[in-house]
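Common to both upcoming complexes is chain A, partnered first by chain B, then by chain C.
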Partner chain A sequence: MIKDNRTKDYKSIIQERVAKNSFKRKVFNNFMTVLLFVFVIIAIIPLASILFEVFKNGVGALSFEFLFSPPGAFGSGEGGIGPAIQGTLIVVGLASLIGAPVGVLAGVYLSEYSSSSRSFAYFLRLFNDVLTGIPSIVIGITGYIALVLTLGSFSIMAGAFVLSIIMIPIIARVSEETLKLVPNTLREAAYGLGLPKWKVVWHIVIKGSKSGISTGIVLAVSRVAGETAPLIMTILGTSLFFSGFNSPVDALPLRIWRLASQPYPEAHEQGWGAALVLILLILALSVALRMFAQKRSTFKSTT
Partner chain B sequence: MPPKDSKITHAELVKKLDLQSRKSFIGDKFFKGLVIGASVYTLCMVALVFFALADGSVPIFMKEGINFVIGTDWNAVEGRESFGALPYIIGTLVSSTIAMAIAVPISIGIAIFITEMMKNKLGTILSFIVELLAAVPSIIYGLWGLFVFRFWIRDYIEEPLHNTLGDFSLFAQAPFGLDVFTAGIILAIMIIPIITAVSREVIKAIPHSQKEAAYALGATRWEMIKTAILPSSKTGLMGATFLGLGRAIGETMLVTLVIGNAIGLAAIPTSLFSQSQTLSSIIANEFNEASNDLHLSALIGLGLVLFVITIFINVAAIYIISKVSKSYSNLRE
Partner chain C sequence: MNKLINYRILGISLLAVSLLVPVYVNSVHAQKVSINGAGATFPFPLIDTWRTEYQKVNPDVNLNYASIGSGGGIKQFTEKTVDFGASDAPLSETEFQKAGSAVHIPETLGSVVLAYNIPEVTTPLKLTGPVIADIFLGKITKWDDPKIKELNPDVTLPSENIVTVHRSDGSGTTYVFTDYLSKVSPEWNQTVGKGKSVQWPVGIGAPGNEGVAASIQGTPNTIGYVELAYALTTQMNFAAVQNQEGNFITPSVNSTMAAVSAETSTLPSGSESWSNVTITDPPGPDSYPISSFSYLLLYKDLSTNPTIDEQKAKAITEFVEWAVTDGQQFAESLGYVPLPQSVVDVNEATLKSLTFNGNPILTN
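Entry: the complex of A and B
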């Protein structure tokens, strides 16, 4: 009996300790869950605040005149952001004309042709990643030296050129990844029908992953639409509408920066208005991107 | 196995096919040329960036030599020109260090929360919201920082810190709202989605057997995370951190708007609340007002310094991440 008691004692002590310990562990587990949830909230608060403030302060500035007329006298709070909207559309459009084909074709190389020369593909991938990491302002300086100095003036072409350099690695990366999702059986079936390689790549691989490639392009466009730094040294910014490809233009992010740097509250309100226009543009692109991305997963299910 | 008696037709067939394939041969060559051309163009862009910067910064390195990197003076006045990049290098490092100190734990926490604790619809929504943060242009972060966040941080964080801990030199300066601390925090907000996205991929790639083993040994969820997830994703998370760091160092517009834009010796932050300047922000501020060629060359030289720093960080990140993906494929096998 005494022996039994003793073992019981040990047992209960151990049980007690284990219970105590596991209670502690459970509490700590719950504590960490809550802590991580708080982290998520911390990340969401700024987004909510940014969207809220941009809408609150920007809605007042919006009007027909604001959207379509050139800026008024410095600090007067008159006029609008017409040239900036026009300039952003032109510069980003031209940049996509250069960046999208080059980016997609580079992605095609990485996905379809890289097996023939592994070291070139390795370097292309490495340089692509390096290009993604180069700060946009550094790319802007490049555009200034390569185009603005040689052509002799700030110009739309220089702006489009630097933005295209930012777009290419993004588009190439996404294109490569979506093209790789195309199942090999499709390629083999096409080869089996006697199609040459370029037709297989063009008609089967590229057309089959159209939605994925558009995702990449939209992603790149929404990224460069908000770029400011490289535009400072390429398109400069002006208060006039488009007047030829060899002269300066304005852009929305650039206009926001100039307005925010002025000491007048009227200018700040216009800055918020321009920010609202820019954010609506980019959010619309992001939502479109989301819809593309859902379509994009079709190939995953078939493999 | 083709039947032996069909030898002649077989040869004819080959001939016919050969003729056809010769036609498509041209198409093939053309398309391959196009694709390789695009790839070479991409490579050329990296080379162009490097050579343009190197070419543009020759005058300033000729004049200042190594002093350009270790000097602290910044004077563009004609006849008394003197350019030193050190204060801006320090400003860049300090602001991005603050950003990393805040962003890394939060983003890894979010990545763990989304992948391990919220596998339902809510998790997808949360990750979508965090991704939206990445879509906001940095100029809008800057605008928000300059007109909204600056006052929050001055009134609710900097003032209390200054009043209670003002004896320490770290908090000694009277807070103003536009300083290296504000810039660091907004940078952190900006890079959280980037680090989160990469960390999520890294954590997702960990084999399930690892997690199940931890659970089978009686671990709670947090203990599973601590013992199974964090150790085996350590290097991958480091790669994610480096990517975020590269982004923080190169970020321009929001820093320009909130860091206070000090010049020269004053740009070396002496406390958390002092005005400063980063490499990218001084380029953005002075590029269009450059008074002479030497000044312009000095700004391009700053760009070269920035380029070299980010290349190092990014290549390190790429190396780490590639090593990790290799080790995972080994684990699976």
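Entry: the complex of A and C
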């Protein structure tokens, strides 16, 4: 009896204490949850307000003429940003054609082939990181001296070249990290089946981390699509549509900058419109690329 | 399997479209000649109007002009990265020597106005050269300074600090403005001097005429210097400036024209050095004191720039000829002064002397 009572007592005491403790814990837990939520909101506020502001100010400028025609005379508020949209697509496309293969292959080397020369790989990684940190205007000046002055004209090729230099370290870094995530057992299994190394790398490692690699490419593309400084030094900007690989072209960030620095309200509205177009373009590009990569890799994994 | 093929087709067609669009546009433009120029922001509203108007006259020629400032224009012209440069400051002796055989083609005339933004003041202010110099030297710091009050007895000026706005880039407008201040203020001449970019004692910098205009508009109690066209199109207030004869002149097309006719009798020929040409602080009772030519820069033999071929050389020369003759009709409505006949004659002679590989370009 007594014994039983005692155990009951202990039980109730423990329960009491636990209840007391758990109340504290619950309060603390709720408090922290709310706090974290608040910080998430604070982190989202700038992004949301930027999107809201750009949308509110820019949506009025959008029209068929705005998207497809060249700019009108200075200060007239007529015309559009056709050449800028076209220029951005071509320059970023060409930059990706140069930057993506080089970046991905550099990542493949660092992840798969560098085990035999560790110190070389170490310096490669170091310089890659340094390259990521170089201000884009410096890369722009390099492009101006190396390409614009030697070729004799501002050109789309010079622009694509400097943008690809900004892309390469980002893509290489992300690719290397993603390739490292592929389980070693997969590689071993492939070797066990008698595949040569290049086939293992191509069919198993790269295909398996396709969504990660494409994330890296999307990151790099959206980074360079918004670059202004290196483009001032290389493609100069123009009011004309693309007219050859060795003449100046326009780009959206350049056009936004030019429109924003004009003292006319019509130009400012067009600038907001151009900013909205640039954001939508990058958004569409990243969503499309991501869906493309994911759909394909899930299909692969089911076979 | 179908899905995979679908995505492949989608990917390939996207790639094909992105490659074909430029090819298509390229073929549409294949017969066209693009003329690339860069330089002064001072005549940009006029040159940009020429771009759209010349399309109607000659649809096969595209004009492309980037307003990067006169300093940039001279640099890109000398580096031969553009087909023509534009500058409101003539090439200095050293720049002229470095360029080799450059010709100056004055393509328009404009005036530099003192634009200000004082919310309380709506009537035009009157200023004299020495007072402007003192403001930009930082010696006059308040809008209600006795020196300004004395010139404007009827205006109630606020007791606010004056913020001066100047150009942050190499600028022909700066050259014209400092050239004027050097003539009217000995102290300015000694401490700051004239040039496309100078050491400003006070004030904030902004890029291009556009940037200065936008800064003045956006900041109360500012004063800065911009080309007349920028002040007119943005409806800014600007000051009447006292000229040599003591009259306060409001900048306008007519008062600039008066200044020009007082000074254009002794112009050099196109291929000579223009470094001493200046029309600031001219004589004449109605002359506005701060005005300037703006120049297009070309090489005497256009083949000096290896990216110019014979077809392009012809297109450039024809465009410039159109600009200095028929193109002048667009000047006045934008606040620029149409070139006087004497200057057009100088230009015609210059254009006739231009060559490509030694052969004259204009045959008639």
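Here is the rule we go by: the second predicted complex is superposed on the first by the 238 of 303 C-alpha atoms of A that agree within 3 Å, B and C clash if a C-alpha of one lies under 4 Å from a C-alpha of the other, contacts with A are read in each partner's own complex, and residues count from 1 in each chain.
To be clear about the criterion, contacts are C-beta pairs under 8 Å (C-beta built on N, C-alpha and C of every residue); 3 or more make two chains touch, one makes a residue touch a chain.
Treat the numbers as computed from the prediction; the structure is a model and nothing was measured.
Engineer: Give one of first, second, both or neither to describe whether A:G72 is in contact with chain B, with chain C, with both, or with none.
Structural biologist: In the superposition, A:G72 contacts chain C only.
Engineer: Is A:N128 in contact with chain B, with chain C, with both, or with neither (first, second, both, neither)?
Structural biologist: After superposing on A, A:N128 lies in contact with chain B but is clear of chain C.
Engineer: Of chain B and chain C, which one contacts the greater number of residues in chain A?
Structural biologist: It is B that touches the greater number of chain A residues.
Engineer: Looking at the overlay, what does A:P263 touch: chain B (first), chain C (second), both, or neither?
Structural biologist: second
Engineer: Figure out whether A:P248 sits in contact with chain B (first) or chain C (second), or with both, or with neither.
Structural biologist: In the superposed model, A:P248 contacts chain C only, not chain B.
Engineer: For A:K26, is the partner it touches chain B (first), chain C (second), both, or none of the two (neither)?
Structural biologist: Touch status of A:K26: first partner only.
Engineer: With both complexes superposed on chain A, which partner does A:E53 reach: first (chain B), second (chain C), both or neither?
Structural biologist: A:E53 contacts chain B only, not chain C.
Engineer: For A:S153, using the defined touch cut-off, is the partner it touches chain B, chain C, both, or neither? Pick first, second, both or neither.
Structural biologist: After superposing on A, A:S153 lies in contact with chain C but is clear of chain B.
Engineer: After superposition on the shared chain, which partner residues are touched by A:L236: those of chain B (first), chain C (second), both, or neither?
Structural biologist: Both partners, chain B and chain C.
Engineer: From the superposed pair, tell me which chain A residues show up as contacts to chain B and also as contacts to chain C.
Structural biologist: 236, 261
Engineer: Which of the residues in chain A end up touching chain B in this complex?
Structural biologist: 25-26, 28-29, 32-33, 35-37, 39-40, 42-44, 46-47, 49-50, 53-54, 57, 101-106, 108-110, 112-113, 120, 123-124, 126-139, 141-142, 144-146, 165, 168-169, 172, 194-199, 201-202, 222, 225-229, 232-233, 236, 253, 256-257, 260-261, 268, 271-272, 275, 278-279, 282-283, 285-286, 290
Engineer: Please name which positions on chain B make contact with chain A in the complex.
Structural biologist: Going by the criterion above, the answer is residues 17, 20-21, 24-25, 27-28, 30-32, 34-39, 41-43, 45-46, 48-49, 52-53, 55-56, 105-107, 109-110, 112-114, 117, 126, 128-130, 132-133, 135-144, 146-149, 189, 192-193, 196, 220-223, 225, 243, 246-247, 249-253, 256-257, 280, 283-284, 287-288, 299-300, 303, 306-307, 310-311, 313-315, 317-318.
Engineer: Considering the complex alone, what residue numbers of chain A touch chain C?
Structural biologist: Within the complex, chain A touches chain C at residues 72-75, 86, 89-90, 93, 148-149, 152-154, 236-244, 246-248, 261-264, 292, 295-296, 299.
Engineer: In their shared complex, at which residues does chain C touch chain A?
Structural biologist: 3-4, 7, 10-11, 18, 21-22, 25-26, 29, 32, 34, 36, 38, 44-45, 48-49, 51-52, 62, 64-66, 79-82, 207-208, 210-211, 213-214, 217, 230, 233-234, 305-307
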